[in-house]
Amino acid sequence: MTIDILFFGIARDYAGSRSLKFDFPQDTSVKLIRSTMEQKYPALKGLKRYAVAVNNEYAGDDVVVNAGDEIAILPPVSGG
Amino acid sequence: MTIDILFFGIARDYAGSRSLKFDFPQDTSVKLIRSTMEQKYPALKGLKRYAVAVNNEYAGDDVVVNAGDEIAILPPVSGG
Amino acid sequence: MRLPFYHPSAEDSMIELSDKPLSFSKALKHVRSHGSGGIDIFIGTVRDNAAGRKVVALEFEAYGKMALLELEKIVGHAQATWPVEKVAVLHALGRLEVGGVAVVIAVSAAHRDAAFTACRYIIDTLKQTVPIWKKELFEDGEEWVSAHP
Amino acid sequence: MRLPFYHPSAEDSMIELSDKPLSFSKALKHVRSHGSGGIDIFIGTVRDNAAGRKVVALEFEAYGKMALLELEKIVGHAQATWPVEKVAVLHALGRLEVGGVAVVIAVSAAHRDAAFTACRYIIDTLKQTVPIWKKELFEDGEEWVSAHP
């Protein structure tokens, strides 16, 4: 299935784009998304940490992603 | 000696004036001023408490007052 | 003494008692600085009720000279205790209708913790030590606040 | 999504992300009410230095939809936890020069303790959970804040 992934802050600099499409197997977990992204963009591993959001909610590693879900890579936030 | 006493808030209502002159002996203490005022304006004794200021500073009972000092009767403050 | 009373201020602090409407933006303008990352502002307003009784207005009076001196002590203590940049304290005198602004306290600091802590300290201490009194005006009477047990 | 993002608000709260200068008086106006006796306002401004380096400007970006949802949770939690009247949260996006206003948080309450506590909670939590990022622009480079260990 094709999944849209959004990149913010420094992760957007790493990906070179705000939004990219990726192909993932059915029943992909957030854990697999993280490892795939880290393989494609190794600089992610140098961050203090980063979060993954699924449909505008912070998502743990076990969350399973479905086609059409909105995924986002969120480096440490620094608003305020 | 003649001492000017200022009255604020509800104490002004009791005294009927913002400022009055009183005659006190030399070396009058704040304690004597308090008891004299309470005798003249017994309603002062019904307050939660009241403070006496000498020359714009809160003054304890032992402070001695001199001619020309500015004395003020300060009911519980309620600014803000 | 004539109103407003101005505090003969160190340039880092502005202290003022006034019978004109308080200028909130004046306080903000005073404390903004390029070195500050956080500003905390407390605004005390006239509430429409007190202990269940409907309030029509408040009347404030001050022992002006001493109130300024006490405010100066409070602000000086805050400046000596927390790393704050600038402080503004404005207090209204005279009659204020419901919704009116009685007090504005603004504190800027490099970091927000000092701004919050100092602002809270200033309003809490002001209420305890500064010789200002308020009378609540009700539809059917009036009362000096906190006077009686 | 287009700016500004408006929170589909309960009437007691106003939440907004905007690339226009934040209107401080709009936040104040929103929270003023006849039932409130105290308003606490936090204003975050752009400081001219960071860890000793001279800052020229900041650039903010947000994951807009999610940022509003997270702010809504924070404000909802504050409203459920402390007796506050009204809350306004404004956050700037885009480029801000030194001295510019990045965030305004205003909380009104019948009594000041709730206003201070809720305001502090909102800014502290915003900084931890709301997907907004800032980049510091220095004379000789730029850096995403907090990204690296």
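Letters A, B, C and D mark the chains as written, and numbering starts fresh at 1 in each.
Just so we're on the same page, contacts are C-beta pairs under 8 Å (C-beta built on N, C-alpha and C of every residue); 3 or more make two chains touch, one makes a residue touch a chain.
Predicted, not measured: the structure shown is a model, and the values here were computed from it.
Which chain is most remote from chain C in terms of Cα centres?
The chain lying farthest from chain C is A.
List the centre-to-centre spacing of chain B and chain D in whole Å, with centres computed as mean CA coordinates.
49
Could you work out how far the Cα centre of chain A sits from that of chain D, in whole Å?
25
What are the residue numbers in chain C that touch two or more other chains?
Within chain C, residues 44, 123 contact more than one other chain.
Provide the full list of chain pairs in touch.
Chains touch in the following pairs: A-D, B-C, C-D.
In their shared complex, at which residues does chain C touch chain D?
Those residues of chain C that touch chain D are 24-25, 28, 32-49, 98-99, 108, 110, 112, 115-116, 119-120, 123.
Using the touch definition up top, name the residues of chain C that touch chain B in the complex.
Result: residues 44, 60-63, 65-67, 69, 91, 102-103, 123, 126-135, 144-149 of chain C touch chain B.
Under the touch definition given earlier, write down the residues of chain B that touch chain C in their complex.
Contact set of chain B toward chain C: 6, 8-10, 13, 46-48, 53, 56-58, 72, 74-80.
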